[in-house]
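The two complexes that follow have chain A in common; it is paired with chain B in the first and with chain C in the second.
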Partner chain A sequence: MWSKLTIDMEALTVQKQPLEEEFQDLGGRGLVAQYLIKNVPPNCDPLGKENQLLFCTSVFAGTRLTTSNRLSVGGKSPLTGGIKESNSGGFAAALFADHGLKLIAVKNIPREDKLWILRITSDGEASLQDAEEYRGMNNYDFVDAIKERFGDKLATVSIGSAGERRYRASSIQISEFNSGHPSRAAARGGLGALMGSKGLKAIVVEKPMEKFKFEFKDEEKFNELALKLNKMVAEGAKTDPFHNIGTIATIEATGENGILPVKNFSGKLFQDYKEVGAKKFMTNLASRGGKNKMACQPGCVLQCSNCYNDKDGNYLTSGFEYETIALFGPNCGITDLDAIASMDRLCDDIGVDTIDTANAIAMCMETGKLQWGDAEGALELLKEMADGTGFGQIMGNGCEAVGNELNCERIPVVKHQAMAAYDPRNTKGTGITYATSPMGADHTAGLAMGRAFDDRGRAAQAYVSNKLQVAMSFADSMMCIFAFAHVVPALPLLGEMMGAMYGGSSEYSRVTTMGVKTLLTERGFNKMAGMTEKDDRLPEFFYRERSEATGSKFDIDDYELEVLFEF
Partner chain B sequence: MIRVNEKEVEFIRGMTIADAMIKAGWSTGDGTIVMVDGEVLSKEELSREAESDTEIRVMLLISGG
Partner chain C sequence: MITEYNVFVPSIMGSGSSLRTGLELKKRGCKKALVVFDKGLKAVGISDKVVENLQNAGIETVDFDGVLPDPPDTVVEGAAEMAKEKGIDCIVAIGGGSSMDTAKGINVLMNNPPPIMKYFGVQKNLKPGVPLIFIPTTSGTGSEVTNMCVISCESLGKKDSVISDVCVGTLAILDPELTLGLPPKLTAATGVDALSHAVESLTGGHSNPLSDALARDAIRTIAKWLPVAYEDGSNIEARENLLYASMFAGMAFTNALVHVGHAIGHTLGAKFHIPHGTAVVISLPEVIEYAAKTEHKKVRMICEALSIQVPDDATPEEIGELGKNALRKLIKSVDIPNLKDLGISLEDAMGTAPMASQDAGLALAPYRITGGKIADIIKSAYDA
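Right, the complex of A and B next:
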């Protein structure tokens, strides 16, 4: 039976209990939704005592299914004001599962302004420890300090100075498997601020001396099915650009067709996109001793992570991804891949979402505070976030806050959250997802890009977005969505695996129902939090301005968006 | 013989990388990334002439990063 830890930050207590029966066969995003709707008032102050911060492992955590050790972090979002599940790789979820933990719920806020670490030792003891000595420390230094104190057989989940300052675009950083770098992020929705409001600097989880053994209904059958799916992922990985190169390969697919955002979603093409593309990346890796094909969590056969070194061959950053590169790059007119890598490192270190932050930089450029392409100026502004200057604090609150401060008319946000690196005029299914996802403008909620290349029209795009949003909501409860893409032909096996693990139905409908229920619960939460249909819209300029690359506007009418979830 | 992923394609003098890809049943359009002998090629470079023992890896992008 899975357990949960309840951390009361007011009483400063830690309690381990069996997880409630109704949550046993849930995980990830699904568990976040069902737990929050029952335990957190949707209209609460996101940084107040009624909100809770959740860390959830997946439905299949701790098993042999590849990539099943994702970490879902949840709560009411300080950025969107709605429900938030932010999904990350890294080492922590595997260790939580090895301790038998499916859920860590952090509630209330401390009486005193003090910082704490939740430490889970190798013998399974969990306690809060004074973390005042780490106040103001950013993630890289923090991880070094923790390793020096407790050794390196552990994973960390931490906030930097941004989370401590309650910046609404702050992230929670998770250490990577093997390297230990805090470069994996539950980045979206400002959950770092929620962690900061709880006075929780970090969770430090050690590898258990004795691994938790889950009692499967039929372990042999489960392992047989998991092996089938693992083989499919491994086979798919052979021709997957994310494995062979990294997610940066997406630049090559979006650069020529107007999907890659350029200079604050201007709709133009960026002639120099290859300067920040796969070829340049691979050349730099090879010549500087960098690495790709790295796993961010144990047991991953897709291995899309990387380690990117500077010109002198010294470590600069890892988990260097398409979204970060596209948004700090072409969307800010910047072509210097090394400068972008430095921005990525700085964001991971202070703990902010690269998507919201890069869009905030684009706001500065759109309004003339910085010149397009000014990488040095962008880096200086990022440092202001760490220093906590007046403008740095506004930057820390993300794209919309900066856009409003600078009177920018074109602010690419939905539900106050900045868009990822896909222009919704040229991948309309993704635009529908941006508009209607309970998470705000989130590409991982249902990226319709793969289908946009053979666009069958608006209705098809709405259909694809709907299907993908359901699929992503159960995928985010089970495994990494990159691996998930390779098991699509065998999705009914996921139902059989649930039956073999937890008992009960082995039908695929058990899985799809989980997806639909998750989405509807999230939308229900948002409605009770005060969101209306008007929050399910793209910013007006996407409806008005044509993409220069294609001549396309976002022409999905309101009615289509409103009926999307009428199942 | 040219190899495109797991498939062998007969080498014909003068054929391009794109020709070999098409012969192996791949599209050269959006959504594919091509590596030739370990090097990532841009779309324009697919018109480069292939060599007799070229190893081509065509990869289909199925989700964003």
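Right, the complex of A and C next:
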């Protein structure tokens, strides 16, 4: 039976209990939704005492299914004002599962403005420890300090100065498997600020001396099915550019077809995108001792992660992804991959979402505060975030805050959250996902690129977005969505695996129902938090302005968006 | 919105045009043709006439008279093996949708290894086949101008389609005289099949100005001539108009595609073995009423093509109702049975809604439609 830890930051107590029966067979995004709707008032102040910060492992956490150890971080979002599940790789979820933990719920706020660490030791003891000495310390230094103090058989989940300052675009950083770098992020929706509001600097979880053993209904059958799926993922990985290169490979497609955002979603093509493309990336890895094909969590056979070194061969960043590169790169007119890597490092270090932050830089360029392509100027502004200057603090609140401050007319956000690196006019299904996802403009909620007849056309886009949003909402409860993509031909096996693990139905509908229920619960939460149909629309300029690359506008009928989640 | 019109098949039209088949093949350098048809066409002498025409032009012929309704994959694979063995260099299909689908399936397998089920779905990298000539003898499927073939897979127990350029004809030959012998019931069922292609391609998310024009003309023509041909099968003017209208509708839907009516029709057809044309048109009026919510401009066009006056200030709901009533009137005029007439219980009919709601054809629906709404549509159409 799975357990939960309840951390009361007001009473400064830690309590371990069996997880409620109704939550036992849930996990990840599904568990976040069901727990929050029952325990957090949707209209609460996201940084107040009524909000809770959740850390959830997945439905199949701790099992042999590859990539099942994703970490879902949840709460009411300080950025969107709605429900938020931010999904991350890294080492921590595997260790939580090995301790038998499926849920850590952090409640209330401390009476004093102090910082604590939640420490879970190798013998399973969980306690709050004073962390004042780490105040102001950013994630890389923090991880080093923790390793020095407690050894390296552990994982960290931490906030940097951005989360401490309650920046609404702040992230929670999770250390990677093996390297230990805090380069995996529960980045979106400002959950770092929520962690900061709880006075929780970090969770430090050590590898348990004795691994928790889950009592399967039928372990043999489960392992047989898991092996089948693992083989599919491993086989698929062989030709998957995410494995062979990394997510940066995406730019080779989007740069050509107008999906890559260029200069604040101007809709233009960017002739120099190859300067920040796959070839450059691979060349730099090879010549500087960098690496790709790395696993961010134990047992991953897809291995999309990487380690990117600077010109002198020194470690610069890892988990260097397409969205970060595209949004700090072409979307800001920047073509210097090393400068972008430095920006990625700085964001991970202070703990902010690269997507919202890069879009905030584009706001500065659009309004003339910076010149397009000024990488040095962009880095200076990021340093202002780290230093907490007046403008730095506005930057920390993300794209919309900066856009409003600078009177920018074209602010690419939905539900106050900035868009990822896909122009919604040229992948309209993704635009529909941006508009309607309860998470705000979120590519991982249902990236429709290449899945309908014509990315730029209207046909089948709503259908594809709906199907993907359901699928992603159960995938985010179970495994990494990159691995999930390779098991799509065998999805009914996921139902059988739930039956073999928890008992009860082995029907695939158990899985799809979880997806639908999660989405509807999330939408219910948002409605009670005050969101309306107007929050399910793209910014007006995507409807008005043509993409110069393709001539497309976002011409999806409002009614199609309104009925998207009728089941 | 920016749209595209892509699939196009050259055509020869007119009474007696099937007698040009031999010349057209010769012009294309063909020497040995596989002629695909069913035994019924042999019995009425239509296939013999075409075969003779080919032979007179100096083209060797190999007959394949084994076409079955809902072409099974095994039949297609057998015929393809035979065609390759005989070294044919072109295919001539004579008949309705089944003959043409069989010929397309054979063409897919001419240079791509079997089984055909490997190629279900949209295929962009198939090796090309041989020149493919279609001579339709019904006015319904429009298959002579489409890029898809529907095959029944016996081992999977379901129908699926191959969508590929390899299914696109080299030439369509439309000879209305070949349709004169079609009995009234079949004339009606194939005619409303063409009607449903036109109506749905107008209202789907993939429509474009060219497909819209073709669809509007098809609706107008079918509304005028289908009742005439149903009453008097020997009226050559009616036959001619219907044959062209079914081709126009086929051209419209191979570019614009169809949606909810076909999803419901495929499900009803599979469950109750209703002929395709009847199955897809049974709920078409209600489907158009539903579509009017967002596609009211298109439904207005449908009404106009059916000679129905629509007030300038009509609401989408009012336009939807006018469209529904006009379509139903047309369908009833050629005695297409409703579900009740077919002896199906309301409960059984509505019970197909969940299955229809899983049909991939709903991807093209104008806006999201739930199983509940599909059940409402079936209920409303049940005894209408």
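Just so it is clear, the second predicted complex is superposed on the first by the 560 of 567 C-alpha atoms of A that agree within 3 Å, B and C clash if a C-alpha of one lies under 4 Å from a C-alpha of the other, contacts with A are read in each partner's own complex, and residues count from 1 in each chain.
Simple rule for what comes next: a contact is a pair of C-beta atoms (placed from the backbone, for glycine too) under 8 Å apart; a residue touches a chain by one contact, two chains touch by 3 or more.
Keep in mind that what you see is a predicted model, and the values were worked out from it rather than measured.
Chain A is touched at more residues by one of its partners, and among chain B and chain C that partner is B. In the superposed model, A:G551 makes contact with chain C only, not with chain B. By the touch criterion stated above, A:N466 is placed in contact with chain C alone, chain B being left untouched. By the document's definition of touching, of the two partners only chain C reaches A:V563; chain B does not. Contact with chain B, but none with chain C, is seen for A:Y322 once the two complexes are overlaid on the shared chain. Once the two complexes are laid over each other on the shared chain, residue contacts for A:K263 go to neither chain B nor chain C.
When both complexes are aligned on chain A by C-alpha atoms, chain A residues 453 touch chain B in the first and chain C in the second. Residues 238-242, 244-250, 252-253, 256-257, 274, 277-279, 282, 304, 321-323, 420-422, 443, 447, 449-450, 453, 481-482, 485-486 of chain A are the ones that touch chain B when the two sit in their complex. By the touch criterion given at the top, residues 1-4, 204-206, 257, 293-294, 362-368, 370 of chain C touch chain A in their complex. Residues 5, 29-33, 35, 39-43, 57-65 of chain B are the ones that touch chain A when the two sit in their complex. Partner chain C is touched in their complex by these residues of chain A: 452-454, 456-464, 466, 550-552, 555, 557, 559-560, 563-564, 566-567.
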